[in-house]
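What follows is a pair of complexes built around chain A, which joins chain B in one and chain C in the other.
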Partner chain A sequence: MQRNLIENTGSNIGRYTSALLSTLYMGAGQIANGQWLKGIFLILFETFVLIPSVPLLLKNLKGLITLGETPMVDHSLFMMIYGILAAVAAIFLIVCYLVNIRDAYEHGLAIDKGGKRKGWKETLSDMIDAGFPYLILAPGILCIILFTFLPMAFNIMIAFTDYDLFHSPPRHILNWVGFRNFVEFLTTASWANTFKQVMLWTVVWAVLSTLTTYLLGMIIALILNNPRIKFRKVIRTILILPYAIPAFISILMWKGMLNTNFGIVNHLLTTTFNMQPIPWLENVFWTRFAVIMVNLWLGFPYSMMMITGILQGLPNDLYEAATVDGASGFQKFRYITFPLVMFSVAPLVIMSFAYNFNNFNVIFLLNDGLPAVFGLQGKAGGSDILISWVYKLTFQSLKFNYAAAMSLIIFLLIVGFSIYNYTRTRSFKEEEMLR
Partner chain B sequence: MTISHRARQRISLGISYLIIFIMILYVLFPVVWTFVSSLNQGDSLYSSDMSFIPKDPTWRHYRRLFTETNFGLWYKNTLKVAVATSVTTVILVTFTAYAFSRLQFYGRKTGLIAMLVLQMFPGIMNMVAMYVLLNLFGLLDTHLGLIIVYAGGAIPYNTWLMKGYMDGISRSLEEAAIIDGASKWTIMWRIIFPLILPMVSVIAIFSFVSPFGDFLFARLVLTTPTNWTLSVGLHDFVSARFGQRYTQFAAGSLLAALPITVLYLSLQGLLIGGLTRGSVKG
Partner chain C sequence: MVKNRKVMLMALVLGLVALLAPTLCLGATKLVVWESSGPEEQWVRKMGELYYKETGIEIEVHPVDQLSQSDKLALDGPAGKGADIVVWPHDKLGQTIEQGLLWELPEDKLDLSNFTASAIDAMRYQGRLYGIPYALEALALVYNPDLLPEVPETFDELIAIAKKFNNPRKNQWGFMFDMLDFYFAYGFFGGYGAYVFKDTGSGLDPDDIGLANEGAIQAVKYLKNLRDTGLIPEGTTKDIINGLFIEGNLMAHINGPWAYAEFEEAGAKYAVAPLPKLNNGNYPQTFIGVKGYYVSAFSNQKEEALKFILWLTNKENSFKHYQDTTIIPSREDVINMPEFQKNKTIQAFAIQATRSIPMPNIPEMREVWDPMAHAITFVLRNNGIPEEILPLSVEQIKEGIMMMKR
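Moving on, here comes the complex of A and B:
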């Protein structure tokens, strides 16, 4: 029953005809090629899925551009998210259409060259074969699109609107404002000044918190690497404890302990060492000191474990050769251990810097970015870093547009920094070699 | 010369022990203090008697957690969310990483880089969009919504971790299996999966732990107190006015931290191995 129309006519323009037919209507070319089942399926797909969804897609894409017309009826935020979803769906459908055309063309080409028409069984097994990667990727990709890509696209868009306390849907319609947020943010004196101060502390914080954790981690790892120390396993297990307790809980423990009037830390300082109580959570300098100390407590076990791993992997023969040459213990450390550890640990330090740059938890949970500092905009406090300031801009000052603009700036900084780092690590080079 | 050498060694050993001693104090101090606070008679941070040996220790606060608050319920909720998040993440990540590590398809390289870049966007900024999205699907104030948020957000990073691990596994076994006529599905489940089990367990543990540590998203999604997870409930204790429920917080946080701490300490070798391999290789 299945007959190949083109073969019968004896023409050799089959592939172009099929491709053209499939361009006019999905599946037409496949039917012309004699693949009835596939063709019918594609025709049904276009008739019952693609065509009915076109008006819906267009409506939502239009909503993405206008962001609504009547307040209280159109909700700009929802329209924005629907619009992004519609754009993703549109791209997916367009890709489907293009694949359909290409499939008709390639099959036509095979027939033109005198190949055999593929039956539906063969087609199905081909499809499973070629589609396998996409099949197992689909759930993951869908999740990524919904929960990583979509929020990010949404945020980037908010950075270009006037969404704040005074323009919030559904009472108001949002407007696209171009780069106005960025310009205002970086040129209005008080905002620019706040940004500069917060940015400065963010960099200082990221550098200090990374350096202190890795320095302490390295010292402890080296000490525990000395075989003469007894009970090394037990000690290591005790010292890993801060890593094993959920950070959320330990930060809150520290918060209670650092309470200026009733905390145990000040109690010990005043009674045992006869010192004045330290305003841990009220003074800018001491709060900054406290977040670094607490972060050190939280973070050194991780770097200790990493460096222990590296130390245990160091080749023994280098040390044997050094002993034969009469090197002292310090010389061995200075010329063998240190350079080798630094070589392996450098990428980790850089990644950890990028992580600390956005280390929201310690700053936010310990003291909410406080104490308050006179003259700072957007409720920024003395220990606020960029990311915790973004949080305050969003949920306390309700300046969504500035918050989004700033998160875009943070994102670009981190991406630039990380791409530079990643291109230099081994994984990427291996990836290159596999190609 | 030999004497001074030996003396120097002894001094350096002494300094080492001193540093270890200080570090152990530093590490144990908050934990021990929180435990002591939880045994105090009073309720608030201010009434605690500030000594490391409580005068009149009591387990009352632990009992009251289960009789007078929703603590038991929060514990159950957290375990439920944690198990579901862990299973979902592992399944999604294994599939995705397998495709990126072993299969050739259009858009592979772009996809890898896109995932790398996507996971760098500050997660906190996703909160507004997540809220709208969950509202759209009617998942606000449900555990399913929270599980999806946790699992969905963890995919890009863990896929890189898992892909790095898979790349390190030799392909010769698979090639032999292909010659024997095994299907792609068989190769994935019968050959690759057993080999990546160490990394699977590392990712399973890390994603199991994340609901215990996250507070922001849990508070955003879950509004009814009976739906809360531990972190939201504990934060509620600690942010009570004037620290009036501090002892309750202390007792609750130790109970909440206990299973995770035991898990981590007993599996430290596995976790460290997974971390060093994953991060060094990307």
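Moving on, here comes the complex of A and C:
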């Protein structure tokens, strides 16, 4: 029943013929190769899936380019999202088509070389074997496309449009403006100075907030890891509590407690220690001090628990050997504990640096990025970090395009930093640990 | 065959009519309203049933928070799923009109003479009317009648009384308000003759900012004086003020009608009066917030929607609205009703509302809040004098507006 059309030609061009046929219409080459079932399936796929979807895809891809033509009817944001989805679908269909051509070519090649053509049973089992990982991955990949790739692509695209209040859909159609947002944002003269100051504090904040939490976490973990400490579990449980309370509630509590004239902290300082009230939320230095302390309070339990876990997994024989060699307690820490802990923790430290770089919650909720600093332009306050400043600058003014452009810049900064550091950590290189 | 075909045709036509008739009828007689869940939603639902009995037009109420309605309408409207009637505070009006969400009302066909003039002004954008107001929110003096038996005529007297009572060591406070919130501070600016944007008669002019003029300087100096007398120390936030007032440790403060629910719940003693006169003889000109019903630009029954809104805000129903949800009505004929004047609390807010101007509803206002709050902060913290700081703040506002529109 299954004839092989090319087998009988006896020439060496079967692979090209079938590849060409498959290029003309999906499955044609497969039929020429004698793979009837596969060929028919592919023909049906092209006829009923690919061809009918072409106009829809083209319409949405065109929408991605024009972003709509009639205001109040076309909604540019929707068109953008549909356009992105259409692009993904188009890439998928093109890949299908290319795979179909390659399949025809390879099969033709096998036949040209005198091999036996594969029957449908064989093909099916091949497909299941080779395709199984993809089948299992498919839901995950779909989720990544929908929930990670789509919003990111959307965000990146907004950075290249003129999407702000005065060009808002549905009344207006958005336009592509290229790099205009980046240029405008970075060249506004009065903001340049502010940008430098905010950037500097952001780096200081990210470094200090990360280091302090890990240092305190490590110290407490080391203390609590000493078997001579009583009630270790109780203490550990109490210390984990700040981490268990939702951060934004405790930040608001701290805001109230740090109030200059009515807060409990200053009340204690003035009544018990007879000190002057400290302007926690009014002075730049003290606000910065306060955000770092509050972040420390919020963040150390996590690193403490993590380092405790690592400490408990350290091999005891190392310490025994060190004791035999006459190492002091500090030497044990310096040459055994610390390197081993850092080996496990370093990638996490980098990640929390990236997290703290964008730690909007603590900054925004504790003091709204304030206090106001005389001379700082563009709404920035003394404790504003890049992301909270961008929020004020763009979302309050409804400049979504600037917001997207700035978050893209911040994203690139963090990605660059993280990649650089990840590739330099030893745990990434998977070298031997203690050299 | 022929007979058969006729029957077929008849059946087809009948089927079509049967299919279309309900949709046509429904389309003409159902209005969708969005309203914040809670008393307001229940009220509109209740009134909708009455309206259905009167006119046969069905009112469907969906619970959508007032502050998220505009975002929802911007997405749902073009897709044909939006409401016909929407509600939000008037300060979002300019923004939502720029987004193209609202239908301009045919003002020449409407009788608006009985509405509070400032409330109608709040519903205008660039000289055009977009909504019918139903409720006001004004600031007023909220005081503890045990500590302050009688509200004096002028602010200076009030401050003098407050100073005598003020004793931070005993946790006794005379008079407070959140000076760093420009919404609260504006009363003094307006009273001394400052303005945010000049009202040109055909809308507010965002290029003419009056926040660095003589009046503004005087207002900031007055605020500085309040700080220097020790009445309102650093760190006086709204939470602190509410807390002190509920404890009975605060004699008087400035607050809005949204606060008295909390005071009632806590059992705090309170009374409300309009703000006393400033030392130039003017009353503080505070901002009012106005809530209005708007017709969606995407509705295909705009006229019917407008009719329902007008019915909902007529004198009788406006009074019912006040009775059911204790709003401050935006109709003068309701405020002047003898039954209404019994409620001293609401009346105080209503009187203050007549001495107020609507908070600017143009989107440029978004650029004003932060620079002005910062300007007040700088003066209160002795970073400079008002004569120097206010012009700089106005520059910042202008720059912000320039960036916003670029």
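In this section, the second predicted complex is superposed on the first by the 301 of 435 C-alpha atoms of A that agree within 3 Å, B and C clash if a C-alpha of one lies under 4 Å from a C-alpha of the other, contacts with A are read in each partner's own complex, and residues count from 1 in each chain.
FYI, contacts are C-beta pairs under 8 Å (C-beta built on N, C-alpha and C of every residue); 3 or more make two chains touch, one makes a residue touch a chain.
What you are looking at is a predicted structure, and each value in this text was computed from that prediction instead of being measured.
*Asks:* Once the shared chain is lined up, is A:F411 touching chain B (first), chain C (second), both, or neither of them?
*Replies:* first
*Asks:* Output check: A:F400 vs chain B and chain C. Expected answer is one of first, second, both, neither. What do you get?
*Replies:* A:F400 contacts chain B only, not chain C.
*Asks:* Can A:R228 be said to touch chain B (first), chain C (second), both, or neither?
*Replies:* After superposition on chain A, A:R228 lies in contact with chain B alone.
*Asks:* So, does A:R171 touch the first partner chain B, the second partner chain C, both, or neither?
*Replies:* Only chain C; A:R171 stays clear of chain B.
*Asks:* Which holds for A:N259: it touches chain B only (first), chain C only (second), both, or neither?
*Replies:* both
*Asks:* Taking the superposition on A as described, I'd like to know which of chain B and chain C A:V183 touches: first, second, both or neither.
*Replies:* Touch status of A:V183: no partner.
*Asks:* By the touch definition at the top of the document, which applies to A:I81: first (chain B), second (chain C), both, or neither?
*Replies:* Once the two structures are laid over each other on A, A:I81 reaches chain B alone.
*Asks:* Counting residues of chain A in contact, which comes out ahead: chain B or chain C?
*Replies:* On the superposition, B touches more of the residues of chain A.
*Asks:* Residues on chain A in contact with chain B in one complex and with chain C in the other?
*Replies:* Looking at chain A, the two contact sets intersect at 77-78, 256, 259, 261-263.
*Asks:* In the complex of these two chains, what residues of chain A are touching chain B?
*Replies:* Interface residues on the chain A side: 77-78, 81, 129, 132-134, 136-137, 139-141, 143-144, 146-152, 154-155, 158, 219-220, 223-224, 226, 228-229, 235, 237-250, 252-257, 259, 261-264, 267, 297, 302, 305-306, 308-310, 344, 347-348, 351, 354, 358, 360, 365, 387, 390-391, 394, 400, 403-404, 407, 410-411, 414-415, 418-419, 422, 425-428, 430-431, 434.
*Asks:* Spell out the residues on chain C that touch chain A in their complex, using ranges where they run on.
*Replies:* 74-75, 77-79, 95, 98-101, 168, 233-237, 239-240, 297-298, 363, 366-367, 369-371, 373-374, 377-378, 381, 383-384, 389, 396, 399-400, 403-406
*Asks:* Using the touch rule from the top, collect the residues of chain B that touch chain A in their complex.
*Replies:* The contact residues of chain B facing chain A are 9, 13, 16-17, 19-20, 23-24, 26-28, 30-31, 33-34, 37, 45-46, 48, 50, 91-93, 95-96, 98-99, 103-105, 108, 111-112, 115-122, 124-130, 132-133, 136, 148-149, 151-153, 155-156, 159, 164, 167, 184, 188, 209, 212-215, 231, 234-235, 238, 243, 246, 249-250, 253, 256-257, 260-261, 263-265, 268, 272-273, 275-276, 279-282.
*Asks:* Going by the contact rule at the top, pick out the chain A residues touching chain C in the complex.
*Replies:* 71-75, 77-78, 164-166, 168-172, 184, 188, 190, 256, 259-263, 279, 281-282, 370-372, 374, 377-379, 392, 396-399
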